[in-house]
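Shared chain: chain A. Partners: chain B in the first complex, chain C in the second.
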Partner chain A sequence: MTKLDLLRFPLIKTLLRSRWPQFLVRLLALAGFVLAVLAGLLGTPVGSRSFAIVFVWILCWALLMLAAVPLFGRGWCSVCPIPMPGEWAQQGALLGPLQTMTARWRLGRPWPRRLRGIWMQNAAFVLVALFSARVLTTPLVSALVLGAFLLVALVTSLIFERRAFCRYLCPVGGFIGLYSQLAPLELRVRNTAVCASHREKTCYNGSLEGPYAGYGCPWGAFPGGLVRNTSCGLCMECLRTCPHDNIALNLRLPGADLEQRRGRGLDEAYKGLIMLGSALAYSAVMLGPWGALKAAAFAVGSLPWLGYALGFLTLVLGVLPGLFLLAAAAGQRLAGRPLDRRSLKQAFAQNAVALVPLGLAAWAAFSLAFAASSLTYIPVALSDPFGWGWDLFGGAGVGWTPLMSGAVPPLQVIVLAGGILWAARSAVDVQGGRAALPVIGFCLLAGAGLLWLLVG
Partner chain B sequence: MPARRAERTARLLAVLLVLGLPLGLLLARLISDRSSPVVEIHARMPHDGGFLPGEIQAVAGEPLRLRLVSDDVLHGFAVGQTDFPEIDLYPGQTVETTLVFDQPGRYTYVCTRWCGPDHWRMRGVIDVRPAAGETALPPAADPPLYLELGLDLDAPHPARVTPASRPAAVTGIELPGRYRSQDYLRAASPAQVWEALRSDPVTHGMDDEQVWGLVAGLWQESTTPQRLEQGRELYARSCAACHGETGTGDGVFASQHARDAERSDHAGAVEGHASPGGAVDGHAIEAPADFTDPENMLGAAPALLHGKIVRGGMGTGMPYWGTVFSDDQIWMLVEYLWTFQFDLEEGK
Partner chain C sequence: MNLPLQSVSPERRRKFAGLVVLAIVALAVLALPLPLPSAPPADRHFHLQASSFAYQPAVLHVNRGDRVTIEIEAQDVVHGLYLDGYDLQVTAEPGRTAALSFTADRSGSFRFRCPVTCGPLHPFMIGQLKVGPNTLLWKGLALAALAALAGVWSLRR
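Take a look at the complex of A and B:
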């Protein structure tokens, strides 16, 4: 397989090895985050005029789904501001390690073994999704949720070692990790034999030595053993601590990780189904014509909302997994493979690889719709972030205009069609031949549903 | 850069950017507001608070700077009985305006865009004090005509006679001068005027419908097409949502009133406002009046309709407009209401 190691270019290597560029970008992101929280707490309650809503849930979310994740995988995680205060408190420093690796006031416990995997992230995403009609549109609620993320990350960093929040709790990180498997970018080691002979394993344990001073992998991964992008946050810490120049940042063919069979568990399978179900639900609620559904999703705490919540949970945790299980079982049967519990579990987890391209395509198609129609909110939110009647950059008077409305439906069709085809190819890679047909059928059904909701 | 110096620089940047940026923005707002005092009014749907604040102080002759913003749906802002332009308040869009009141007094500001079922409750008050050194208040307004005439606004007023069909205005007939007096036509109901004309020798030889035509003609001559047009605009903006474009009481919010009326009937039976059978006594929520009903309308004097608009319905759901419209505006509205009974645009 052809790969291009970007770290062979001195400028890129220098920029990524140095802590300053990353720190400055993260600091800017943190300032924006704090501004968003303040705008939500103190500014206008009208979502379309609030920096909190426009910049976080419209601009950043669209950039995430349409560019950051498809092109850079976990690239967002490398500049995410949410864990910053926690890291500073945990490490006792903003840049690299000073005399000691960690500050005195943290407990540094390892994350409980039973809670490893991405089950907690699945639960966190479903929890936020239940309230998303309010979170994504009401500045105050959004500010409280974002503030809660910051607080939970801080507390987690004080109790547990490394970036435990990012690895095991962050609802956004859960799906970024899943979809990062499709990105044309990966961080790997150049030569595993070099890692095998390196006793200190400074990439995992950290180092205080001169030019190689840095923290052990904040994500708790061993770079020498990375075969997929899912648990590498692209923080570049290993690039700083490896004394043997053995880290590579490769450009590669998109989706190379999908060929990996190792490490695929039920948690990732459920994540794929939760994301697919959420895309369907969001498309119906946010972009659909059913006022009663919107009203029910918005009226948190009411009886109609309870009905909506139960329906959503049934879809993402019951209906979709149930249908997918049937498809996986049918595939097993067609392939003449056993149908015992263990085999079915494995088939379920392995076939879920098809949900990765399908899910990202679903979210990209959904994001195209709201992004194009909401772009003109951006100059307004930038010029008047709090909705107080300011006009900092002359854009406060820009009227709402949906952009590219003619181009969006064809783009959505292309993206969804691409996702379905890629999913079908992945299913064939897993099952082989006609045994892949049931899973392909599932993907077609989901894709057709999305097409109908978004374009039909 | 040595590690400790780099760390110090990083910490300084962090404090400047992360704390300094938002604090700087908030400070800017504080300074801007202190240097030029402004009263910020938030408009919300009535069940969420309406206008906040609902009461403002001002001084006659001094500018009152207002910053208006809607926190939810489209609202409007206007100050009753003044020439200040009406302002639309789009959700989240701040509008600044400066008002200067020449005369002290209590002014009512209202929402002018239908924002929900309780839109008519969305009002506030501007208490304008006399300028420093001045103590005289403007003279009090004249009491409404219905008070002078001793009319009971809440008593039923069925017409004893009604036309067989909608009368078209007939003018050009010589009638005694008293029939054309404004005082007379405002104090008497059309049915009363019809009875007076019917028994007057001047209408010998006319049938009942022709006499109704004369009544409609008198009503036409007491107004002008321009006044009717202004009345129509006022009706469309302030009355049609409940009373309907056709005046039949089927406005878009009429169903809300009907539901409230039903609840009020049940409540009234307990609280004593209405009989157990549900008959209302003028103080419980009612469905909006049907201006096309001849029995009800033709038995009402213009002064009675004027009074109802000025005073409101006292719990029936009909808002009061006495502090919002000028007296002449209310008369124009009353004159327009008769177009639901008479063909006033026709005639000479």
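Take a look at the complex of A and C:
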């Protein structure tokens, strides 16, 4: 399979090797993030007028799901501002090279072995999703959640080594990692033998001196062992610390990671199911005509909300995993494979590859409707971020108008059909032949549900 | 001299031919109108009660060609109705009604939303106007089934 190493282009390599361009983008993002928190705390309580809601949940969300993740995978994580304060406290520097390997403000403990994987990220996403009708519409609540992200990331950096928050806790990072497998971009090494014979492993351990001084991989990944995008945050630190010019940033066929069987566990399978279930639930709550459902999702702590929360948890943790397990078991039976606990577990985890393209298509289709109807809030919130009557850029008077309202439903159909096609291919690739049919049936069922919710 | 096509195995040619057939069927599904019966146009009148953050009734059914009047009554704060696809809008003051009249000349399912900031869930205050049979949904379901078939076919060994 042909790949194009973008680091062969001197301009790209120079831009990525220098810490400055990335730092400036992150600094700008941090300014936006802090402004969002302040706008939520001090500004208007009207969500559609608040920078806290419009910047994070409309502008960033649309960019993330419709462009950043499908095209750049974890590229979003490489410019995310949330870990910046923690990194600075942990390393004593942001622009390096490192001043000391033993910064004073950190404990530098390894992340507990039993908490590895993305179970904690799954739990964090479900927790935020339960309150999402409130978080996405109430600036104060949104600011508190964003502030909590920043605080937890900071505390985690002080206690644990590297970017433990990004790797194991961030609810957004969890699904970005899952869907980054579809991106046409990957960071790998040019020659694994070079890494194997490199004793210092500066890409992983960091380096204090010389032209290759820098931090060891903040994500705790060894580039020489990367076979999927999930655990690489594209921070480019390995490019800066590799003395052998052995790092490659490849353009590749989208979804190449789906062919990899290694490292697929139940946590990732559950992530796929939680994301699919959340896309279904969000489509019903936010885009459906059911006022009682919206009111229940919003009234946190009330009896209707408890019913909504129970329904949501049952869907994403019970019904969908149960149906998927049945599909995986039926596939095993059709293939004449054993149905013992271990085989089923493995089939469940491996078949979940099909949920990756389907899930991203589901979120893209949902986000299309969400973004198209809300984009005209952006100039208003940029010009008057606090809702105090400012007009910084002349956009405060822009009226609300949904964009492309006639074009969005056909686009959603095409996106979902593309996701189902890709999911079917992935299922056949994993199971082979007839054995993939039950999982394809599951994907078709979920796709039909989404179609009904989005264009029905 | 061998033409490029001659070097392709018969299995791969069959697979490719199958995908081409599926692609043609998919295009036909998208492009061709469905032969569905339609009722003669009629005058349809709806009275919608709008309160934070729902319409009652939330789903309206009409036939294509019907002359539709939607009367909206805001019950608590200022609400309104913006009809996707038709790009029509009306707003109503609290306790008062306002009306929107149009001919439903496009079939399908169209969302209508409150165009006036009316509270925290305002962006999600949504109802639906269903004009005739929802051909896009049926075409979408057919396309999804074809997509699944194409996915299976493309990796047929």
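The criterion applied here is as follows: the second predicted complex is superposed on the first by the 453 of 456 C-alpha atoms of A that agree within 3 Å, B and C clash if a C-alpha of one lies under 4 Å from a C-alpha of the other, contacts with A are read in each partner's own complex, and residues count from 1 in each chain.
Note that contacts are C-beta pairs under 8 Å (C-beta built on N, C-alpha and C of every residue); 3 or more make two chains touch, one makes a residue touch a chain.
In this text, all values refer to a predicted model and were calculated from it rather than measured experimentally.
Student: I'd like to know which partner A:G288 touches here: chain B for first, chain C for second, both or neither.
Tutor: second
Student: In the overlay, work out which of chain B or chain C sits against more residues of chain A.
Tutor: Greater contact footprint in residues on chain A: C.
Student: Contact-wise, after the overlay, does A:V34 reach chain B, chain C, both or neither (first, second, both, neither)?
Tutor: first
Student: With both complexes overlaid on chain A, does A:F386 touch chain B (first), chain C (second), both or neither?
Tutor: A:F386 sits against chain B, while chain C stays out of touch.
Student: Where does A:S343 make contact in the superposed view: on chain B (first), on chain C (second), on both, or on neither?
Tutor: neither
Student: With the two structures laid over each other on chain A, which partner does A:G433 touch: chain B (first), chain C (second), both, or neither?
Tutor: In the superposition, A:G433 contacts chain C only.
Student: In the superposed arrangement, which partner chain does A:S48 touch: chain B (first), chain C (second), both, or neither?
Tutor: both
Student: Regarding the shared-chain residue A:L95, is it in contact with chain B (first), chain C (second), both, or neither?
Tutor: first
Student: If you lay the two complexes on top of each other, which residues of chain A touch chain B in one and chain C in the other?
Tutor: Dual-contact residues (chain A): 45-46, 48-49.
Student: Chain A touches which residues of chain B in the complex?
Tutor: Of all residues in chain B, those touching chain A are 3-4, 6-7, 10-11, 13-14, 17-19, 21-22, 25-26, 29, 67, 69-72, 91-96.
Student: In the complex, go through chain C and note every residue touching chain A.
Tutor: 26, 53-56, 58-59, 82, 84-85, 87, 108-109, 111, 113, 115, 117, 120-128, 134, 136-137, 139-141, 143-152, 154-155, 157
Student: Hey, which residues of chain A end up touching chain B in the complex?
Tutor: So the residues of chain A in touch with chain B come to 19-20, 23-24, 27-28, 30-31, 34-35, 38, 42, 44-46, 48-50, 93-96, 98, 213, 384-389.
Student: Which of the residues in chain A end up touching chain C in this complex?
Tutor: 45-49, 133-134, 137-138, 285-292, 294-295, 298, 373-374, 400, 402, 405-406, 408-410, 413-414, 416-418, 420-429, 432-433, 436-437, 440, 443-444, 447-448, 451-452, 455-456
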